[in-house]
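Next, two complexes with chain A in common: one pairs it with chain B, the other with chain C.
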Partner chain A sequence: MNQLLAALDWLLDPARYSGPGGIPMRLAEHLGYTALGVVLAAVVAIPLGLLVGHTGRGRGLAVAASGAARALPTLGLVTLFALLVGIGLLAPTLAFVILAIPSLLAGAYSACEAVDPRTVDAARAQGMTEMQVLTRVELPLGMPLVITGIRAATLQVISTAMLAAYVGNGGLGRFIFLGLKTQDYPQMLAGSLLVIALALVLDGALLLVQALTRPRGAVPAG
Partner chain B sequence: MIRFESVQKRYPGGTVAVEDFSCTIPSHTATVLVGSSGSGKTTLLRMINRMVDPSAGRVLIDDQDVATTDKVALRRSIGYVMQASGLLPHRTVQDNVATVPMLTGTPKREARAAALDLLETVGLDRGLATRYPSQLSGGQQQRVGVARALASDPNILLMDEPFGAVDPIVRGELQTELLRLQSELGKTIVFVTHDIDEAFLIGDQVVILRPGGEVAQAGTAEEILAAPADDFVERFIGADRGRRALRLEERDGTRIVVDGTGRAAGVLQAAEGDPAVPDGPAKDRA
Partner chain C sequence: MIRRTARPIARRGALAALGAGGLASLAAACSSSDPLAEETSDASGGGGGASDAGGGAAGALVVGSQAYYSNEIIAELFAQVLEAAGLSITREYQIGQREVYLPELESGAVDLLPEYTGNLLQYYQADAPSASPEEIAEALAGVLPDGLTALPFAEATDQDSYTTTADFASANSLTAIPDLAGVQEDLKIAANSEFEARPYGPAGVKETYGVDVALVPVEDSGGPLTVKALTDGTVQLADIYTADPAIQKNGLVTLEDPESLILPQNVVPIASSKVDDAAAAEIAKVTGALTTEELIALNTRSIDEQAKSADIAREWLAEKGIVA
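Now for the complex of A and B:
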């Protein structure tokens, strides 16, 4: 309990809210790493997942790859990449991308699969091209599931992004690793609380996006 | 005119949906393909707009092999109504009806205005335009499906058991509505059903199919009723159970038409401008 109060004390110290090592800066860095990881992963995984979901091809492979990627230990991955490409942002970013891909991939292919096949068949029979079926039928109807994937990926990356500090970067992980090294547990705890708060806020925001993108007129699908 | 030439559909794995089907569907008339499940009737219907490609043989529309046409353009030029209306759940009734015109580049405003008129054509209130399909009854959804199929003013209308999922009263209304529409529009309709009464009601030409897409008999309702080709057709149209053998009986001073089992089928009325009721064969569709 004392540790927790000390952590809150640490958080309330106004001196920590300015300068390059201050909380706002670290928060921004943390968010930046998360966004970088999720966006890069999304660019790869969402089109791929939609392709798998739309065509039904390669589904087994996608499921297996997602499962395997989920099982990878992230700390190990960060260390491995750091050894390969050196200290810097590249190694953790690569790890975050790999971490985010399975959820995004699963969200995207299940978005297509969740759409009533009769609706898709009818759209095709009216003369929609495959691309139009995807962008005007499957994607709008499956959007909540795509966002579910983004939410899951964001949550995983945001809680793992503190590992960036492990290989010489910023982010909220700095407080955690610094606290660990100097046995400053209140600081370590404060860092963790900040990560948790950030994760909750972001998840809430994405939940809102999910509600807003729910197709009108449709019976809830996901 | 739509012509099937020795069409076959064989799926990988060996299942044969259609063995060898040939048939000519005249323009501006309604042809009904009728058969039980496994007769390949839906497969045949879907060959016309290339939702299914035949394994062998050809389908020609006005002497052009559909295999040589662009799939997407072909589908846009043919109206298609399916059993589970197949409307887009996330678009309003109006936008659903305007789907094909908007795909082919008709300005949005124009396509939507035309959609409103089409709702009236199929007997729906314009006020439904801004509703979503889930807010409509099954019968209303089917009407929207018909309006959507008519939106690009196609020559050909494909209907795959369009009234199969609604209750009998609504089905009757929709059938009557379709006959009215057809008398005004004169489309080439290809209609698939497993209901022989519906086939006789809708079809100028009725094609009765055996499993595997084999034609058991093709002709008008009158021709088939008067001379069923074989036992299969007799069973299919119910002639073997006496359902089609109607005769007159007098009950309480009214002339009643009864079928072979003695069940009342209707009341005999004098034809217009014909004071004496002729003793010819009573028509089931009366």
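Now for the complex of A and C:
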């Protein structure tokens, strides 16, 4: 039987859908790690990106820092952090936050930058405060770009979240590592297929959010 | 089996891991088969050793190693002792996993590679039961493909273990694995995920010794992450290779295994038919002197001093009086 069929067979075994090591549990863990990483990164990166985009200050630094952060290999970070703080969820979460920040940051500052400066000037002329300009003009108009950043970050983290299993956690990485190390390639492939499916579903959902948040009348910003 | 490939990266410390990572070693393993084929044809054209005189077929011997730093040191010991005997040697180190290098050995692209008796036996015979080192070596001789020979194995072993901290061992009067049955708290062991499926894993230790342990998967093959999980008390036990310098360095205690639950992994040279009796006799000088303590000392030099395998091997061979 070819490996792909064997992997599908593995996925269709009803026995794998229950218990603490079952597919639903591992899927939930995987989603949880992804959500944790992206949400924590968003709390840091989106306000920072909006600030950079709104004021135009520190843009060079933001671009350089996020570019450099993209080059960091996540497995290396997971190992490095785990050596510092021990095995468990903290080390991979830190690594996922670092993985997610560049996309989120880029999405947020480009959201502000993409807004027509004349619109911003008009808002100021109406007497809006800087905070109102940001929250009522730039953010709504740039929202699709912010969501683009969230989409990119989510996609990256969800495809990397298997590394949580490297340091004693769950998630779909458990199937992948166990399959790899016991030469059970159908299991490894099945784990990978689950990650891919999860990534596609989540990306589709965020695409929908993106379409819904596009402001009426605005030219699609990208 | 694969665990050995992931290990050198972790052992070299976090900085090296930043650059490489366990997954990268897979890619390296895949790409190594082609250059290997070229190397052999190069070697037979250019190599000018003393043994070439006989005929065109007898070119340089190709010595290979796994992508595992300790294995490379052993390979280098073999290479240097053969060079001292006047043979021409081509080195092909850091070849990934058994799936990659065993076909190379079988095809004659590699002539000599240090292996480990138990894991190699189970590669060919997955259900091979654990036994004494001699019985394992005998069984291995029976399953090797035609053209490959297992030369006499060394006393040195580099095998899985149930290892704990000195504190935990003394607090619970532990010297052997069966003593764990008397420990009241829940036992957790840090090991690669495949430990769950190994005969000496949780199921095996329950059956043989009546001990309950739960696996905490840490995928660095007994490397620094596993050692840290043990020393910071996240787990009470860890699967650390017996030739790992970290055991001595951290004052860890490897529990004895009176029933040979864990498969013995003696260092054994696997040779193609190009390795003749004279060459085998040279290799036997190395395996005859290689004990686990010696292997740990060699590994320690690699980790602590970041010394090159060639330097470590040269000095050890001189110290033992094998090569002047």
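Quick notes on this one:
The working rule: the second predicted complex is superposed on the first by the 221 of 222 C-alpha atoms of A that agree within 3 Å, B and C clash if a C-alpha of one lies under 4 Å from a C-alpha of the other, contacts with A are read in each partner's own complex, and residues count from 1 in each chain.
Criterion: contacts are C-beta pairs under 8 Å (C-beta built on N, C-alpha and C of every residue); 3 or more make two chains touch, one makes a residue touch a chain.
Computed from a predicted structure; not experimentally measured.
Of the two partner chains placed by superposition, A:R16 touches none, neither chain B nor chain C.
In the superposition on chain A, contact of A:L178 is made with chain C only, not with chain B.
Look at A:R70: by the touch rule set out above, it reaches neither chain B nor chain C. Of the two partner chains placed around the shared chain by superposition, chain B is the only one that A:R118 touches, whereas chain C remains out of contact. When the two complexes are superposed on chain A, none of the residues of chain A touches both chain B and chain C.
Interface residues of chain C facing chain A in the complex, by the touch rule stated above, are 1-3, 10, 14, 17-23, 99, 190, 192-194, 196-197, 216-220, 224-225, 228-229, 232, 234. Those residues of chain A that touch chain C in the shared complex are 72-73, 75-77, 79-80, 82-83, 86-88, 165-168, 174, 177-178, 180-183.
By the touch rule above, chain B contacts chain A in their complex via residues 46, 49, 51, 72-77, 80, 82, 84-92, 99-100, 103, 132-135, 148.
In the complex of the two chains, the chain A residues touching chain B come out as 116, 118-119, 121-129, 132, 136-137, 140-141, 215-219.
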